[in-house]
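Listed after this line are the structures, all set down as structure tokens.
Paired with chain B in one complex and with chain C in the other, chain A is shared by the two complexes that follow.
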Partner chain A sequence: MANITFVEHDGTEHTVDIEEGKSLMQVAMDNGVPGIDADCGGECACGTCHVIVDDRWIKATGAVSEEEQQMLDMTPEKEVTSRLSCSVNLSSEMDGMVVRLPEFQM
Partner chain B sequence: MSRRCIIIGASHAAAQLTASLRQEDWQGGVLLIGDEPSLPYHRPPLSKAFLAGDKTLEELAIRPSAFYEKLDVSFCQGRVVEIDRVEHRVTLEDGSVFDYDKLALCMGARVRTLALPGADLGGVHYLRNIADVTGIQADLPQAKAAVIIGGGYIGLETAASLKKQGMDVVVLEMADRVLQRVTAPEVSEFYTRIHEEAGVDIHTNKLVSELAGSDKVRKVVCSDGTEYFADLVVVGVGVIPNTELAEQAGLKVDNGIWVDDGCVTDDRDIVAAGDCTNHFNSLFQRRMRLESVPNANEQAKCAAAAICGQHKPYQSLPWFWSDQYDLKLQIAGLSEGYDELVIRGDYQTERSFAAFYFKEGRLIAADCVNRPQEFMISKRIISGGLTIDPDRLMDESIPAKELL
Partner chain C sequence: MARRIKSPTPIYSVKDMLNEQSINKILVPVVNKSSAVVPFHLQIKGMHIFQKAKNKILPMLAEKPQFVETDIPEAHQVALEDIDVSNPFMFRQNKWHSYFKRLRDECPVHFQPNSPFGPFWSVTRFEDIVFVDKHHDLFSAEPAIVIGRTPDGLPGETFIAMDPPKHDVQRQAVQGVVAPKNLKEMETLIRQHVCDILDGLPTGQTIDWVERVSMELTARMLATIFDFPFEDRHKLIEWSDKATNSPEMAGGTGTVDEVFNAALEAAKAFAVLWHEKAARKKAGEELGFDLISLLLSNKDTEDMIKRSMEFIGNLSLLIVGGNDTTRNSITGGVLALNEFPEEFTKLKANPKLIPNMVSEIIRWQTPLAYMRRIAKQDVELNGQTIKKGDKVVMWYVSGNRDERKIEQPDAFIIDRKNARNHLSFGFGIHRCMGNRLAEMQLRVLWEELLVRFDGIDVVGEPEYVQSNFVKGYAKMMVTLTAKDSSQ
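And now, the complex of A and B:
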């Protein structure tokens, strides 16, 4: 089964199955991955589902909308490959993808 | 025998609590008791995407049932009618009893109902649960004219969602402006304009005195004699925290169940989280009861830690959001008691601006309409206790990114 790995700030890894069509945030929630708050439930309104995608996979995660970009611009701990995980839709091409979680969600 | 944690109420606070309990390594059993038929689901979309028909029932679930099974959380549909703190036992309406070692009160709030003639007519609805929305949806095909009683966020979101479905919509507000309790007059003016442009009629200073009709509602009558035709009425006049159980059990209750900064009640085996609680907020230096998902989530994390013998102080910034039409409002902080208002952008003609609320020279809140950057900046300034010059905020020649 295709999977992705979340790496917590302290290095703890969580590998979860990819469910195509679901968002990266939702599979983190479904599997109880700590470190993603997702207060707004995926409306791109809270910025508490921030993840940093491994360089090699950033292309596969697709385009960043204007709204997401504006939220990300002001997110502490932002890196070049930061994404809001509720805006990343999973596909089987992401098999093996690694994403890191920031120390804090804001 | 293994220890058991019972959670009363199965919604936002409870969903986070179950996840956090396992993350905090709670080894005992977890029993989730809720009186709604479904596992915890997202409430905010009820007046937004779900009512507007843009989200399905399945998409509302906060987590799938498999999640709870994996964590070995059992769910029991029922209503708790008594908490016995001496015996560490709860009793359900159907007479069944369950013993607990730790108890979490996540009972949330219920809608304030109208005590008016005709309030129980067909076609009159409230909006808190899935069942309320399915009730509204069942009436929609036959309905043409909706009256919304109450011009708060939920009322206005409902107005926008129903307008989107082609209804004639009237909003009746008792105060002299919509959103009067929560925003500055300028923001009320903005939303009034937006709704009027969309074809929603907003009438303020309207005290509803009667709902009239034979079996189904036909009109809404106000105390000044005005009448509005309606075949669908949605009432959004606030909520009442569900605190009776706690009060009967002798816990301290005053506008919510009192909790300390770790979300523990005055019984150290009982925690509470979400809309039903009243906490001392260290950022705002006063007691308050909040009605928001972020608060329910944050408190649930602290409560889970407390159940596991840890102290995780609650210190997050209150924030909220509201979707109406193409507008996303994000609110950071609490504006109550502000003494200065600064606006960035043109709220009178545009569809995007930010209103910043200051008190004694410090930023305490911001209402940001389609302004995610200003929202994120405000969160950082308020929660970090940073200072910012109001004149800079107002100056749109300074890009938002450079404000900090």
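And now, the complex of A and C:
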């Protein structure tokens, strides 16, 4: 089965199955991946489901909306391949994708 | 209703000719421009004199609501169209539950045309509030986020009441002060302060929790953030309280003169602090992680002192933002555990619940009741048409008790699932910048409380603040019981 790997700030890895149509945030929450807060529950309105996507996979995650960009700009931990995981919809093409979690969600 | 409006006869024709906003529009840029040459506490003084003169010429601008407390009737006794949740005694008389429940059930987007603060819409359901908060393209945060208005001539320029793109630049310049690496350093300092405060508390006698703990801890935290002289820390609290207490803003008990005088004192003190730090920077000293050092290290803000309205606006935002909110959550948490004693038992048995409880405290208390917006165009919301230019109030305090979103919303449940999904920090680009600092402070406080005390019993009823904005406590008497050290 297709899967993705979340890497916590301390290096702990969590590999979870991809469920197509769900968001990256949702599968993290469903599988109890620590380090994602998702305070707004997936509205792209709080910035607390921040992940940093591995360079090789950033294209596969699709475009960043203006709304998402604005929320990302509010975190001092933002990197070039930062995304809000609630705004990344999973597909089987993301099989093997690796995303890192920041030290803190803001 | 519990208010009486004292107002001189309005002279509308003159008001139309010499519109207040147009005066301020002309004045504010002039003040900012002149600030390079005139020390800005003198400018604030000038504004104060100007404002007094303006009120003499145009008495209707001096029209200030005055609030006299009377008993608020039960929510079901009032006609729906007459409901006015801007009444600053709603919280004190504990009537807000039933009024907001009625609005959520019967008229979730509600128009009140005749409040002392002018006409306004109330948005009361969780989902609708998220919609308004997210859509800064439809709803502007300018020029103020309280129901009423800031005193004439002292608008202050602060990013909480700015739209993009200006908002984004200003916020990014200061948000580093609450960045994770700073929080780590601050946690050690905050824990030292917490221990110091708690170790000084007597057991077995009645003390005012607000004064001894909530205000003291908040003052020390603010002094830390600003690297403000520790012995003068209570000044920060005093300025902040005065800045938000003017009646025309949110129904408080203060006066416009007090707002100006507080601004004047704060401006002077912070200018001194700024120049000291600037001199140290010039001498090649490494700057600390306090706010002013941070502003001085950023090229967008290193000369903010030359833009007086922006300087005073941003500093007051951070003082006010860290004052009422944390203070009233510190008090609210104790009150909640007294109203729901089985939760205190649960907490003592399992201190690992503290972080989750902190979110639940912040939801249950909702220390700031709302944020206000102005519609930038006509917007349909839950069956109502909000017209361009209308005032829209997002009542977080109501959304946080919305039965449609939160199970048993009036109950305080420290192990509540999804406790983080509350509205108290707001959503979207204006989301609270200090949220992690606030959570950390409350977590540290509760960690240290649990190792020292077995009981924190509220004695009598707390005294509430008069305001429709700050949902807070003026006084709350408690008796502490020490933890049995043999356990």
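The definition used in the following text is that the second predicted complex is superposed on the first by the 106 of 106 C-alpha atoms of A that agree within 3 Å, B and C clash if a C-alpha of one lies under 4 Å from a C-alpha of the other, contacts with A are read in each partner's own complex, and residues count from 1 in each chain.
Note that a residue touches a chain if its C-beta (ideal position, glycine included) is under 8 Å from a C-beta of that chain, and two chains touch if they have at least 3 such contacts.
Just so you know, these numbers come straight off a predicted model, no measurement behind them.
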| item | value |
| --- | --- |
| Fit or clash - chain C, chain B, common chain A | clash |
| Touching partner for A:46 - first (chain B), second (chain C), both, neither | both |
| First (chain B), second (chain C), both or neither touched by A:37 | both |
| Chain B versus chain C as contact partner of A:77, first or second or both or neither | second |
| Touching partner for A:10 - first (chain B), second (chain C), both, neither | neither |
| Partner chain in contact with A:104 - chain B first, chain C second, else both or neither | second |
| Shared chain A contacts, counted only where both chain B and chain C touch the same residue | 37, 39-41, 43, 45-48, 67, 70-71, 73-74, 76, 106 |
| Chain C-touching residues of chain A, taken from the complex the two chains share | 37-41, 43-48, 67, 70-71, 73-74, 76-77, 103-104, 106 |
| Chain A contact footprint on chain C (complex, rising order) | 130, 133-134, 164, 168, 171-172, 175-176, 179-180, 183, 418, 420-422, 425, 427-429, 431, 433, 435-436 |
| Contact set on chain B toward chain A in their complex | 19, 22-23, 42, 44-45, 62-64, 66-67, 70-71, 293-294, 297, 319, 321, 323, 328, 330, 372-373, 376-377, 379-380, 400-401 |
| Chain B-facing residues of chain A, complex | 29-32, 34, 37, 39-41, 43, 45-48, 67, 70-71, 73-76, 106 |
